[in-house]
Amino acid sequence: MKKKIGVYVCECGPNIASKMHIDKILESVKSHNSEDVEIVPIKHKLLCSVQGKKFLEEDIKKQELTHLVVAACSPREHNTTFMNICKKSDLNPYLYKMINIREQVAWVIPDKEKATEKAIQYINGGISRVQYQGELFENKIDAIPDVLVIGGGISGIESALSLANEKRKVVLIEKTDKLGGNSVFYKKLLPRQGAEKDFIAKKIAEVTNNKNIKIHLETELEEILGFLGNFEVTLRNVNNKDNKIEIKIGATIVATGFQLSNPTSFKNVKYKESDEVYTSLEIEKMFSEKGKILLSSGSEPKTVALVHCVGKDEKKYCSQICCNYMMKIANYFKEQSKEIKVKEFYKDLCLPNKDDEKLFRDTEKNGVDFVRIKDIDIQGNEIKYTGINGKNEKTKFDMIVVAPPIEPKAGTKNLSQIIDIPLDEFGFFQEVHQTTNPTGTATDGVFIVGTAQGPKGISNSMLMSQAVSGKIKTQLIPGEKIIPEVKTSEILEAYCMGCKTCLEVCCFGAIYFDEIKGISRVNEALCRGCGNCIASCPSEAIRHKHFTSEQLFQEVIEILK
Amino acid sequence: MSKVIKIDINSKQGLLDFLEHLLSNNEISGVMSLRKINENGICDYGLITEVDDLKSIEPFAPVMPVNASHILSSITPAKKPIIAIIKPCELRGFVERVKRKQGSMKNIITVSYTCGGVLPLNTFQSDDNEKIVSEYFETIKGTDTPENVRPVCKACEHFIPMTADITISVFGNKDFNSKSCLMMNTEQAIKLSKSYKCEIVEKKMDDKLMDEILKKRKAGKEKLYKEIAITKDGLDEFVDIFGKCIGCHGCSRVCPICYCTLCDFESSNYDYKVDLIENELSQKDGLRLPPDTIFFQLGRLNHMSFSCIGCGQCEDVCPAGIPVSSIFKKVGESTAELFDYIPGKDVEEIIPVMMIKEQEFPEVGE
Amino acid sequence: MANNGAKISFKNGLQNQMRDFLKECMKKGIFDAVVLPVRVPANDSYAWILMNDISIVDQANPIPPVMPVQGAKALKSLTRKGDGILKIATIMKPCEIRATIELAKLSQVNLENITLISYDCPGAIPMSIYNNLSDDMEIFYNDVVSENNFVSEKMKEVCGFCVDFSDVPDDLHFGFTGLENEVYIIPNTGKGNSVLEKLEMKSSENLSQWKKNVADIKKIKSKNRIDIYKQVQPTVDGLDNLQKTYEKCIGCHNCQSACPICYCRQCFFDSTASEQSANTLIDIAEKRGGIGFPRDKIMFQVGRMSHMSLSCVSCGQCMDACPVNIPVAKIFSFVSSKTQNTFEYRAGFSGDEPIPLKVYKDDELSKIHEIVKNAESDGSEHE
Amino acid sequence: MEKEFTPRITSFVCKWCTYTGADLAGIGRLQYPTSIIAMRVLCSSRIDPVFILKSYLKGADGILIGGCHPGDCHYETGNYYTRRRFMILKSIFDSLGLKSDRLRLSWISASEGGKFARVANEFTEKIKKIGPSDTKRNMFL
């Protein structure tokens, strides 16, 4: 059949039109006309406008185009727009190619002639390539909207609550025998978190009473298989490992939280249990249970040292929350008795949230001393430190409270192997990208929230939980099917020698080995289409849909002309 | 120090005696070795399962009709133990194949030996076979590599087997014709030899002697690399070397590393529509047909050079007489060096393209 | 074959004359480009070069002393996916033209825009000899051409008994057997005729003397051919002899990849379909006491014969490429003479004649009825 | 005087980082030569070295690969493989006396529009200095 390729050049208002000779471009692309190919060159003022879109939609049909090339802005901006137009006009959207003549031509080349020349070359590449593109079909598959949440701390609870409804069940598993995680021990939340202890209790009550949330306490993950929309999960009882539950879910949220590091594991902290040295969490527990903070003798401390940044140098990260909660604890003491002398030792103050500064000033006003130090040594009840001025000092305190760094919950490593998500250098779960995708993981449909991803406070954890819920809600809409990545790899059976190189280089576990045939195969549901496996295969036994070697090569040749 | 079986007959007979014992006692199910197939001395590889047929083996024949790693690939995984007597480079080739899942070490007991080099097929298969071979063995009693072996053999530093279960001293062994020494390097080998009644001593390879050979081989390598050295930048010299390639791809078919069913460079990716070729012609004075003849060489280097074990098989089968192996060995050493990789050294080692290190080549890309 | 041709006299050698002819055609726009052998920069071989620049034609040698790559393969790489816009001419040896015609029948070559030119071929020197002595061989071969020597013993063995050194269905033919400093340009097809017309050359010369000269050489070669076939026949008679002949085979399949006719992307005998599992091989070894490697030497050789011998043009490339000097080409020539005779087919002699395995006739191969009948009666006797 | 040499450079860039960086260069109205036409792939690891070779032998004067900074790959570790493969090819080029200067690998993040323009300019200048690739005139390739 004769190919009829529409080449639509968008003027993008003056953005493109003023930078190159569009008519010259339209004239020159006609060189592709041949016995088998007919080029339909057309320009338009603004293809992404309502009129533009309507025009394109109708024109594709009217001209009976078999392929489409749109030369306009960056595909980052309007690729989807034009793909949708193709769909509306019954043209397979994979028979279309977008050429970026705005960001990468018009805006970077001031010389009008040169810009025109480059645009022509660029568009020619697209025309050559599009002829080698093939139809691809978006394969819709059923998806389960239900979600598994691992971890019953505040992040897990919030995730469950923001997801569960009539049409979306949530299974919440918790390793211990109660919900709430670390925060359940907090006497108070920080001022900006508004509520008192009730806040946690209320959340726990809410999650417990929600009939769309099924809670399994003392339960852990044994196995998880599958992909976004279709995971098969086996859970087991922590105490009786034969007691198993099998469920099917569509997405998983890892909210396994943190623990405080053991302060004595750091070289500058030495004390015995009998010494009056406590971790921040121990103080919170004591305060919650007894309503007061007392020495082991039962009497009230007269001098208290709060030491920040313990072990920060060794861990090589800032826990982000200690400064805040140490000030909160300082205020506990001051509320208990104005007489208690409280000194806070810090290396750097981390006050990232908008009202942290106010907290700091209020605490200072409350009579708490802040001492900036270079170095500190805790030996029993005595503190030796080097001040910022370089002077060495030595002081004894009735009570010392340390803020050890938060670290990944014990068992994180084990879970990472079961769920196949790598850990970062600190042992937290590795996100896809700290800036652009902090909740995503290597497996589509598995998310990380809260301190499982890295140190953060309750507010940020809540934020993450709610964000992930939003993501899941858009990805897994009850009753709707999902469309897995179309531009996946496929292995050509006849050529594969089963060397497993592709299997090694794939980060997504999307390639598995067929023992019977002795060849590798792609699990298209897991494939993200990066193409790494294709370049790893010396036999070219793998084909990258929509990015086949042939397609890329056509473009290269045209550009090299 | 390893356990060494000593037998007071010549090396071949000693090995034969050992093999006969193992085969007749069902300790092993077969022996894979070079064997003589006619009176002219022509050898092929055989898998022998009958004790009587063992007599035909020529375990140390200085010839490589096929790189044995190909054959080992086709007979593994073996369900019962098989002894394979192969040259050090063939063993390394097999290790590289196993890393690519093209064979299995399971039930394969490897016997290898210090190798004096391989004669080109045409030299070995000549009418003077008997004379040439006996001269060969006479020469390698000393530390000199015979002049008529493959060019890469003269430059080979890995003449001592790297991972063999049993090692036999051939090159540099002046007692080759009177005594047999089988060095048992692994538990598997020692276990196998338990039932064999013999004198067992603790012995080490003669390091001084081996060093002397190595020194000479290093000099040989220098000489070879000088011969094929590329002295000026640019394509011209490269085209001089590979210009006569006829595109038969014989080199890749006999290569122990090239394991693909269909070489990428023979796939339809490299069939061009005539207009593409005509277009290319419009930019050039002339165009070679078939296209990509030389591209293939670079492409193959890219796919396998870091695993090249320098066996010389490619050079031997090249109908155009291109020094393929010498070039590939040299380039291969440079690519393997990037990753401190020595092909065939350890079956557990991962081939460089299957793994990454975060902290490497920091300067690249900046 | 045409009975008339144009006659040209030349002073500076035949090759120059042929180059001039092509250049003239290119200048007149009869051909846009030509495919010719050019000596590679290292001077140790030739490569097929597609050229559209007239000045490059001078670098080419239309009658090269060697055949590193069979010309049909070069044309295949150019036109397998169809014809182009350019009108292209090529000068090739007769066996290359014949292979091209076979490939065209198998849709591997598209001749739409190609003009095939050939010549009375003095043969080709084996690659291995040429490689190392290329300068001497150039001089030697030049003499062969200028002396009109069609029976030089330095050529490939197949050339020595090639009876078709001149008979070839090319569009244009340079015939010079037995002539001195002159050559007939013979148009064998409409395409060839129109080339001469455009050049305003009249093909009015009678060719009978030249044809007689060719026939004389043919006689010598025919005799050689009978002798060679007599030699070959016992070496491939029966399994034992076959095995002995091929015992040196290392299974590199160079013969197949150098063969112009073997056009498969993946040879059946290299494919997984021909693979045996490790267990099967060990079982066979145990049953027989031992097996040799590479496996299936005879299977490959005979299998290949069954696949391509009908189209074999006896160009000798397989033998040139064999690293262990098995006389593959002589054997293939012998076998294909038999298979082609069965169908009264001559590979590459006519573009219109279909490959026997693509067609059948109702009343052919009467012999087979006897064979079947005999087999049946044999069977009944045994019962 | 001879016509000014405009290098032909094939550039393969990853969709997530370098292509976005290139867009940013445009948004910032930075200038770079016409020689750079960015071909978008999903990840730099898709670029088979054979592809680079092909471009080179088909007449490209230079080949530029752009990817995310190590550790920032959208597909986790893709660019580490790109780096290894690139090194292998470079080493082959060096051993055979082919100019490996014609190959360039650059890490350009989505926010580094400036770097994209700089690399494009630098690389073009460098190729101009080296001169046209001899693959274009060699008919024996």
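Chains here go by letter, A, B, C and D, matching the order in which they are written, and residues are numbered from 1 within each.
Rule of thumb we're sticking to: a residue touches a chain if its C-beta (ideal position, glycine included) is under 8 Å from a C-beta of that chain, and two chains touch if they have at least 3 such contacts.
Predicted model, so just to flag it, every value in this text is computed and none were measured.
Novice: Is the C-beta contact count larger for B-C or for B-D?
Specialist: Answer to which pair has more contacts is B-C.
Novice: Would you identify the chain whose C-alpha centroid lies closest to the centroid of all protein C-alpha atoms displayed?
Specialist: D
Novice: For subunit B versus subunit D, what separation do you get between their C-alpha means, in angstrom?
Specialist: 37
Novice: Could you give the separation in Å between the centres of subunit A and subunit C, each centre being the mean of its C-alpha atoms?
Specialist: 65
Novice: How big is the gap, in whole Å, between where the Cα atoms of subunit A centre and where those of subunit B centre?
Specialist: 49
Novice: If I count partner chains per residue in subunit C, which residues reach a count of at least 2?
Specialist: Only 38, 40-41, 47, 49, 51, 56, 266, 271-272 qualify.
Novice: Among the residues of subunit D, which are close enough to touch at least two other chains?
Specialist: 49, 54, 58-59, 77, 81, 85, 139-140, in rising order.
Novice: I need the residues of subunit B touching at least two other chains; which ones are they?
Specialist: 236, 239, 243, 261-262, 264, 267, 280, 283, 285-288, 293, 303, 353
Novice: Which positions of subunit D touch subunit A when the two form their complex?
Specialist: Interface residues on the subunit D side: 8, 10, 12, 19-20, 22-23, 25-27, 29-34, 37-43, 45-49, 51, 54-55, 58-60, 72, 74-78, 81, 85, 110, 117.
Novice: Applying the document's contact rule, which stretches of subunit D touch subunit C when the two form their complex?
Specialist: 139-140
Novice: Residues of subunit A touching subunit D in their complex?
Specialist: 74-76, 100, 102-104, 106-110, 114-115, 117-118, 121-122, 125, 422, 432-433, 436, 442, 487, 505, 507-508, 528-532, 534-536, 544, 547, 549, 552-553, 555-557, 559-560
Novice: Using the touch rule from the top, collect the residues of subunit A that touch subunit B in their complex.
Specialist: Those residues of subunit A that touch subunit B are 494-501, 504-505, 536, 538-541, 549-550, 553, 557, 561.
Novice: Within their complex, state which residues of subunit B touch subunit C.
Specialist: 29-30, 35, 37-38, 42, 44-50, 52-53, 65-66, 70-71, 74-80, 82, 121-122, 125, 236, 239-241, 243-244, 246-250, 253-254, 261-262, 266-268, 271-275, 277-278, 281-282, 285-291, 293, 316-321
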